[in-house]
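These are the structures, in structure tokens.
Two complexes come next, and they have one chain in common, chain A, joined by chain B in the first and chain C in the second.
The block that comes next holds the complex of A and B.
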């Protein structure tokens, strides 16, 4: 829309017609305080904090619902406005306890800031404050009604942002109260968005409350290590312990969005069963040994097997960093001279890259999901498995009226905003998509999100079908974990090297390695393949780098305690191919980063694989891996840089790889989830009552 | 939960008046008509209406909590509502209120032991021109004098 010119506090400003005054002012650096107004959510106009003086208007107007108009003259800090705000604050404080020193929100409370600014600490009210006892709604959500200022932010973020609608307001006036959907408790995603968005201390987190003060923590912005969406989570760290996770500074691709895992499930880091010392099998039993003894033993055994021309199998991780994955494949291929390297695969990314070869801009970013005119979701319950992608799509439907199409096995939450929903079994989803041809053509500008139901040749068929529609399309191939995509990009595949170039020699896939009775050594890094399979080779010398004594670690000859993503630096690549930087938040005694372990083993084996330091390896990745020549300033400052993998036909695998998503829900996260107390104690945890 | 055939018929007609997908708009009239039949907002009633309109029980509770005319507990056979808002107050509505309380021995939102009469002090019932006004269920009584109130209560007791 055309720009209009208006004046605020004597300053001439311009903004597109229809812009809300509060937004227009914010963009020009003029603050209009507000509690209920929240960018991206429906207007509420409930708190009266944003009142401004508009010339020729008979009384003060609410800046949050007032569109700017040509020639409008506004004063945001005139005596009348200041007086009105002070009065509003006095009203808000009628029942609000004035006990900031013991309130969990103290120090980052918006009401506290405003009262401090406008000096409304004294009140004309002498009546006894209406008190209601604090309630616990779930292991993570506590509600203290008297502190609530009824801004409805929590109600709106839950309904509009998450699509859950677990919160409402019952009763009226001074007795109005935020109420959970199950009377006295919540049944929801337990994402904690309501807690974060609360401007006061009414909603507090069961995990964080009364642990510390916000200014006593160090805030470390890193990437969530659970699912593949790559949300930035800012960890609050004190005394080498993670106390909370949130993203209030809206840095990163996810803005302030986080699900239960990103916000709370960092607690596996301090789990009592965390491995803190290397273990070595002595007389059939795993016993604790020193790092030097364990590493020397592994280096010696590896050297012996290598010298004897033995067969190595290497299984990488979906959680380790790009640097670690790159170094591991280099270690395997150059150091050990084995082509047998793989990892558990959850999405057919190579098939997608092959199918879109020759196209430019065919891979969608997370931002594209928010801006697309239409989104087609195939075979995934996004709200459960990829909560941030689901959030983006829901926001796209809400803000841009995007047309959403769902082709899934069962009902999904996205149905609520879908233009069309189709139910089809995994094998019939491609055919079902083709049945939507007319709708998809009409919608135009499409992003296609598909899960493991579309793999192998089906991916090519899907892409050529979408091509035949003649509308611009971008794709997201869903993968499971924080660096599933990076593992493929870095060449943890038997037939593909880094950047999807053909490996010099095609090796065995993960299942083939496990089934090979002649395997001499198996090296498993951050993966648990023996949870659901057996290792055929009885003589194999098994080395496992893990956080916990998993099924695979129990079979190991040497277990090396590894550091989690929150304890190391490096980069990870999310489901859309956006590379982001991990920052080390804490250290756990006894554990080492996988990259450090690789470096020490390489030294022990006298291999020259280059320095095993994150920055050095990343520099090597930037200069040698196709598509990873990303701008360093973006990565270094915590931004997300889109990688551009090879554009061309990919070598075919010797045989179709077994690709299956773990289908984690919001409350599971592979073996990490098993060690997260939060994920297991929320009522909705798998097996609970929750029907999303 | 089912309602009487007449009420079911009424609900069906009401739902048809709104465009597809906007049936939620029937919530308030549905609750009111159902209350007349059921007596008050039972959990079962709220769940049934939520189910019929495709909304959550919480959404029904938001509305029920907001409106005082939606009763949270079983009231008397006759619900006596006495206005003490400004116009009625000027015409001694408050005295009527006190008189009724004394005569019945109950207070605001309370029910007599026999369940015949319940009492509620209400805000403006829109009958200011005929103040002081009181309401028994849906019937209005205008320019009420203390004697008329006594007679009304006696009649209700006998009935």
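The block that comes next holds the complex of A and C.
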């Protein structure tokens, strides 16, 4: 829309016609305070903090619902406006307890800030305050009604943002109260967005409450290690312990969105069963040994097996960093001289890259999901497995009226915003998609999101079908965990090296390694393949790098305690191919980062694989892995850099790999999730979980 | 059953148009209605174009009877003709303003007049669906209205192809759940849609986006009920009943300390003196008039001296900074305790504040607590100032007019009857003298 010129506090400003005054002012550095206004959520005009003086208007007008108009003259700090703010705050404080010294929000409370700026020094309210006792709504959500200023942000983020609608309002007037729609408890995603968005301390986190004052924490911006969406989470660290996860500064691709895992499920870090000392099998039993002894033993055994021409199998992780994955494949292929390297596969990314060969910009970013005119979701319950992608798509539908199509086995939450929903079993989903040809063509500018139901040749068929529609399309191939995509990019595949170039020699796949009775050594890094399979080789020397004594670790001859993603630096690549940096938040005594372990083992085996330091390895990745020549400043400042994998045909695998998603829910996260007390408590809390 | 608000015979000073069937035997039946010019205005309208109907209403100078007094014809003309959406008629029968009891008379004694008004409004904007939103407390009226609607359906005055005119209209009642706030048009629409009764952001106004986001005519019961009469007698004749800029008659609910309280149909511009002395039969017990609320408790209060020489119309009231409002006239004689009156009024608004916005939600509760205290004689002179100041801080800053409705009477009462507050404090102030010392600091 055309720009209009208007005046704010004597300053001439321009903004597109129809822009809300509060937004237009914000862009020009003029703050109009507000509690209920929240960018991206429905307008309320309820808090009356944003009242401004507009010349020729009979009374003060709400800046949050006022579109700027040509020639409008506005005063945002005039005596009348300041008095209105002061009196509104005075009204607010009549029933708001002044318990700031014990309130979790103290120090980062919007009401506190406002009162500090505009409030009266003296209270005229001498009556008795209205009091309601505090309530616990779920294991992670507490509600202190008297502190609530009824801005309805929580109600809106839950309804509009998450599509859950777990909150509403009961009672009337000063006794009006935010209430779960289930009465006394929440049946929701437990994402805690309501807590984050609360401007005051009315909604508090069951994990964080009464732990600290905000200014006593270090804030470490890193990437969530659970699902593959790659949300930035800012960890609040005090005394080398993580006590809070949120992303209030809206840095990162996810803005302030976090699901229950990103916000709370960092607690596996300090779980009592965390391995803090290497274990070695002595007389058939795993016993604690020193790092030097364990490493020397592994180095010696590996060297012996290598010298004897033995058969190594290496299984990588979907959680470890790109640097670790790169170094591991190098260790395997160059150091141990084995082609047998793989990891658990959850999505057929190579098939997609092969199918879009020759196209440019065929891979969608997370931002594309918010901006596309249409999104086609195939075979995934996104809200459960990929909550941030689901959030982007819901926001796209809400803000841009995007057309959403769901082709899934059962009902999914995205159905609610879908233009069309189709139910089809995994094998029939491609055919079902083809049935939507007319709708998809009409919708145009498409992002296709597909899960493990489309793999192998089906990927190619899907892409050629979408091509036949003649509309621009981008793709997201869903994978499970924080660095599932990075593991493929770094060449943890039997036939693919880093950057999807053909490996010099094709090795065995994960399942072949496990089934090979002649395997001499199996090295498992951050993975739990023996949870659902048996290791055929009884003689194999098994080394496992793990956080916990998993099923795989229990079979190991040596277990090396590894550091989690929150305890190390490096980069990870999310489901869309965006690389982001991990920053070390805490350290756990006894555990070492996988990269450090690789380095020590390499030294023990007298292998020259280069320095095992995250920055050095990343530099090597940038210069040698196709598509990873990403701008350093973006990564260094905590941004997301889109990688661009090889654009061309990919070598075919000898055998179609076994690709299966773990189908995690919002409250499970593979082996890691088992060690999160929060996820368990939420799952075991009385009442049901939210279902679409 | 509700006691009758009507006297057996109309007062000679009344101008009877809307109420012409009120006193007929069995007045609410469709037979009585049809036998007494019923649905003739609709038949007349069916031969007119929509614009002709709207122009007739414009000529009549009919202004909204709910309280705001917005010209009705103009409101109807705001409905976009080209909109592809269906258009709706919504009747505001959430009569909850203290002192107001006119809509209930209209529904109780002549429900078909309302239906006919709705049909004509529907014709004027091409609407084919209507709802009558009646406050839940009017349980018996909902039954009466439902019966009238089913009669109209049975006799072909509602439904498909009404009386062969080719005009279809569906009508039903919708029950409120006991919120004054739902008398505010946008909150009413939220409630009608099954949501919590809180007001909406405006614009868009209902004429553009009302019920279910469709163009909607939303008027008071009395406004719709006046329409058949306007069509029948002609807009100009109706306008001539009143005064320039405010046509016709208005049902006035005379309550409080008068000898003959009741609902009277008075031409607009009727002098207050005649209303009180002739129609109302004078102040009860021959006492003096202390104060008058001209149109429901949300209007600023008038002192007896101010009120006495005024006329009952929109502009006269605006000149003394109050409003004609809904026609709920509350008369208070010289014995009235104005502090108690203020407390009673704020208790109502505190109870009814929906809680949506801060100034109204917190302001009404604070005022209630403060006035409760002042009524007990506990407080200081500064507390009296605080009443006016708090009300002033609410005024014009709330989301919907409920905050203003609570603030205006408070400000006017404190300003005009401050001496009563002071007298109460002086009379009852709690003295510390003579009380034993509770804590001795120096042993």
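Please note the rule applied: the second predicted complex is superposed on the first by the 682 of 692 C-alpha atoms of A that agree within 3 Å, B and C clash if a C-alpha of one lies under 4 Å from a C-alpha of the other, contacts with A are read in each partner's own complex, and residues count from 1 in each chain.
Quick note on the criterion: contacts are C-beta pairs under 8 Å (C-beta built on N, C-alpha and C of every residue); 3 or more make two chains touch, one makes a residue touch a chain.
Here the structure is a predicted model, which means the values were calculated and not measured.
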Quick check on the superposition: with chain A as the shared anchor, is it clash or fit for chain B versus chain C? clash
Figure out whether A:179 sits in contact with chain B (first) or chain C (second), or with both, or with neither. first
Contacts for A:171 in the overlay, against chain B (first) and chain C (second): which applies, first, second, both or neither? both
Once chain A of both complexes is superposed, is A:536 in touch with chain B (first), chain C (second), both, or neither? neither
Figure out whether A:45 sits in contact with chain B (first) or chain C (second), or with both, or with neither. second
What is the contact status of A:127 with respect to chain B (first) and chain C (second): first, second, both, or neither? second
Looking only at chain A, is it chain B or chain C that touches more of its residues? C
In the superposed model, only one of 23-31, 59-67, 95-103 or 383-391 in chain C has C-alpha atoms clashing with chain B. Which one? 95-103
Those residues of chain A which chain B touches in one complex and chain C touches in the other: 168-169, 171-172
Quick check: in the complex, which residue numbers of chain C touch chain A? 179, 196, 201, 350-359, 361-366, 369-370, 373, 386, 393, 396-399
Could you please specify the touching residues of chain A with respect to chain B in the complex? 165-172, 179-181
Please give the residue numbers of chain B that touch chain A in the complex, ascending. 56-59, 61-62, 64-66
Listed in rising order, chain A residues that touch chain C in their complex are 43-49, 51, 58-60, 65, 84, 87-88, 90-92, 94-95, 124-125, 127-128, 130, 149-150, 168-169, 171-176
